[in-house]
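What follows is chain A paired twice: with chain B in the first complex and chain C in the second.
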Partner chain A sequence: MAIKFPSVEFFQELANRMQGNAAEFEKLGFCDTVMAVKVDGGDPHLYGLTFSCFDCTDVRELGGADELELDFTLVAPLALWREMFESIQKSGIPEPAYTLNSLSHVGDRMAVVYDDPEGHDKFYRFMATIQAFVNQASDLDIEWA
Partner chain B sequence: MAYYARDDFFNNPEVLERSVEIFKGKLDIGWKNLDIERVKCRPSDPRRGLTFDDTNVGSYGWDQIPEKIRHNYSMAPRGAVQPPGLPHLGYDINRKSEVWADNAPALYEESKARHWIPTREVPWDAVEQLGHSDELERGLAQLCTDLTCMATALGDIPSKWVWHINQELLELKMFQCAQMFDAAQLADVFRKRAIAGGTGLGRDHAPLGELLKCVLDAGSFPCASASTHILLAGLMQVLLRHMGACSPNAADETIARFGVQDVSRSIAYGVEHMRSLLKERPHESTGLRGHLDEVENALVGYLASPMLFSALALVTAGGREKAAEAVPQVTALYRKFADEHLERREAAGIGSETSPLQAFVSELEA
Partner chain C sequence: MSYYGSTDYSYNSDFNLRVRDMKKGNLDFGWLDDARDKVEVRRQDPRRGLMLQDIEVGDYAIENTPEVVRENRGLAPRGAILAEGSDQPDLGPTLNKKSDVWGYRVQSYWEEAMSRQWNVTTDVPWQDMDKYEIPEEIEFAFCQLCTLLSEVEMIATDLPSKWSHHMNSQFQEVKGFIATQCIDEARHAEVFRKRALANGVGLLRASVRGEHALKGILEADSYSEGSVFLHVLGEGFILTLFRSSEFISPTPVEQRMFQLVMQDEARHVSYGLQHLKYLMDECPEARPQINGFLDEAERHLTGLFNPDQLESMIVLGGKGTSPECIKRGVETVGAFQGKQIQEYFHRAERAGLPERRERSPLLELQQRMLTAIQAV
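This part shows the complex of A and B:
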């Protein structure tokens, strides 16, 4: 059954798969950060993701960035999120141009928004886990909004 | 040998007599009777195991370390009984705020948990099928050569200071040991990447040496911490992010993805260390700002060096043909780094209105 993107169900499914692939995420190590994904466009959505130890322990849609104490928010238009997930679905991992690092590096495609640089640096401290988390969508049947 | 034990044990008849008695079975087990705090520690999260946080209790924890350590100059682990006569081991960093950051114990645990093994985890086969131009490979090899030098310095600096630091601050010292191991591994992987690509290592160059010497020669641990953890680790982070974003190669992407996590822990420690230090001793900020401005001056020399700038242009453009067109992108990279560096300085309480780095990048953009 297809899962709609963007939706809480989509990110919850990634969280479930993360838990199901415990060995992969235990190998990557502790990941302790509260981040958000913002899908920009005509109908914008903001999702809060709480990572603790080896799991994503909480997924929720946010009415505003102040509803959680966020370390950082990844912001991109719907079309770019779609390109990224479609790239991941080609071979299980993104093509070099579609890794979270490549997309966010200069900031003209995906923005990393933060209040405190310490929160910003958590993106880099835990990037390997967050990349593996989004890679969990590799064989997900996605219904695009 | 600079220190001779206070007793000539070998020629002391009492030592021999005592040993003979023990060998006869007359054991003295009076040492078992300790007037010491007994606590029970269990993992708060079984999946994390027993962490430093879980053992931060009573006299064993770091919360009770005084600002000025006057009670222990020995190797006794914090909380152990210290009988009279323990030798002074020569620690000369005995002030907690000079080195401590409350996130250091957790960063140490994170460093162990997120340990990676480049020897096996980098897809080295991908280096054999590069699929990019020789010029790009030459640029990447030069970048990896520079990063090898930086990673070596990143390991040398904590090793220069760790043995000066009082044993009471043990979680911090262990974090420094983890930094050294992380740095060794980074130097190892950058070196291997340059060699494995087929073009070999590039050149060392004076502007990089000047920068690293300024960082290595910091006269106090707080100055060394500011220039190492905020400036040098920040520079390595942005260069790795750039390498990962520009190289079409899975090996480089992997090295960048795992490399940034290692250097970012050092940045997190550095910012928190500065915050803790300045909360306790705000007057230190003037010296720290001056030191960082001075190191930034050397950093400008490195960023302006033709070798780094042209290597970054080659890496960004993917080859020589369009390298000149990549100059604005390299300038944008410098702008990103300068802004992130200034944000970290400000968050740490050592912002600068006379930052040479900011002035240099503004000049480039003009």
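This part shows the complex of A and C:
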């Protein structure tokens, strides 16, 4: 059954898969960060993702960034999120231009919004885990909003 | 042998008599005389196992350690019972103030470091390298970049090693954390060396400018100066360089490599930031010294922007050597460098040094770079 993007169910499915892929994520190590994904556009959505130990322990839609103590927020328009996930679905990992780091590093394609530089640095401290988390969408049947 | 102790314990008759007694079963259990009450240790999260934060209790907790450690100058771990008098040998630690080395959340950085170790030989998908064709000019540029990064990693291994034995053993977590940094940096030197050689090109030109900059890190007069130079300034810049290198990597193999190294680097930056913040909070009189040091360190660091590295980054950023590629590469590299400087100022501000933004020589450098890019 197709899962709509963006939705809580989409990110919850990734969180469930993370638990199912315990060996992969335990190998990557502890991941402790509270991040958000913002899907910009005409109908914007903001999702909070809490990572603790080897799991994503909480997924929720947020009414505003102040509802959680966020380390950082990844902000991109729906079209870019779609391009990224479609790239991941081609071969299980994103093409070079579509890794989270590449998308957010230069230009304004994907913004990393943060208050505290240490919160910002957590994006890089846990980069391999966060990238593996989104890569789990490689075989999801996604219904685009 | 350069150390001859005041007692030759191998010929100590009291000891020999005691051993003879013990062999007869006569134990006196004197080592239990000073035993303290038991402590209560709780594992906060069973999935994580037993964390350093879980054993921060009673006399074992760093928060119960005075700012200046006077009693323990040997190898006794924090909380151990020291011999009466001055029988413990003095190993001459020079970093005996907590603010000399400590940083907020050091214990959690240690746990994160131990949990997120990786292996160059098996965790980089070397087997996939044959799947990709890399143009020769790109491969050469990448190998030049790997050469500079190998030099950088050498110094980042040596600096923590240089200071570890100067730290009082009360600060075990910091000694441990910088030991993890040593293995992280040694692993980074390994990965860049392996990648440079993997396609046959090998290492290219070592950097004179770069090595002068790196020498400045090693020659810092105090650990805090070395830390702010290495962890906050140097590794902060290198973290952005790793991000940039992931961005311009020719294939997913190199991207994976940079995703892994950037994790380690960001952890070191976080420790450095928290040490600087702790120092500014607990020892604000150090501010002029640190500022004066950074005035010079920031000049030194510009040595990392050496022509060989810049050219190789431009070729990688523009994905070639045609005039159009070079123009694109110059723009890309200019954007990286602006980001490096801004992120450094933001970290310095957070650590309690907002004045860096005003007094730093990096601003002039940035302006020069921006002008150069606009002129292209």
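Following the convention adopted for this analysis, the second predicted complex is superposed on the first by the 144 of 145 C-alpha atoms of A that agree within 3 Å, B and C clash if a C-alpha of one lies under 4 Å from a C-alpha of the other, contacts with A are read in each partner's own complex, and residues count from 1 in each chain.
As a convention for this text, a contact is a pair of C-beta atoms (placed from the backbone, for glycine too) under 8 Å apart; a residue touches a chain by one contact, two chains touch by 3 or more.
Quick caveat: nothing in here was measured; it's all calculated off a predicted structure.
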item: Touching partner for A:W144 - first (chain B), second (chain C), both, neither; value: neither
item: First, second, both or neither for A:F54, with chain B first and chain C second; value: both
item: Which superposed partner A:N101 touches (first chain B, second chain C, both, neither); value: both
item: Which superposed partner A:P117 touches (first chain B, second chain C, both, neither); value: both
item: Footprint overlap on chain A, where chain B in one structure and chain C in the other make contact; value: 28-30, 32, 53-54, 96, 99, 101-102, 105-107, 116-118, 120-122, 124-128, 131
item: Chain B-facing residues of chain A, complex; value: 26, 28-30, 32, 53-54, 96, 99, 101-102, 105-107, 116-118, 120-122, 124-128, 131
item: Residue ranges of chain C in contact with chain A within the complex; value: 45, 47-48, 108, 111-112, 115-117, 239, 243-244, 246-247, 249-252, 255, 258-260, 262-263, 265-267, 269-270, 273-274, 332, 335-336, 339, 343, 346-347, 350
item: Of all residues in chain A, those that touch chain C in their complex; value: 28-30, 32, 52-54, 93, 95-96, 99, 101-102, 105-107, 116-118, 120-122, 124-128, 131
item: Chain B residues touching chain A - in the complex, by the definition given at the top; value: 45, 47-48, 109-110, 113-116, 237, 241-242, 244-245, 247-250, 253, 256-258, 260-261, 264-265, 267-268, 271-272, 329, 332-333, 336, 340, 343-344, 347
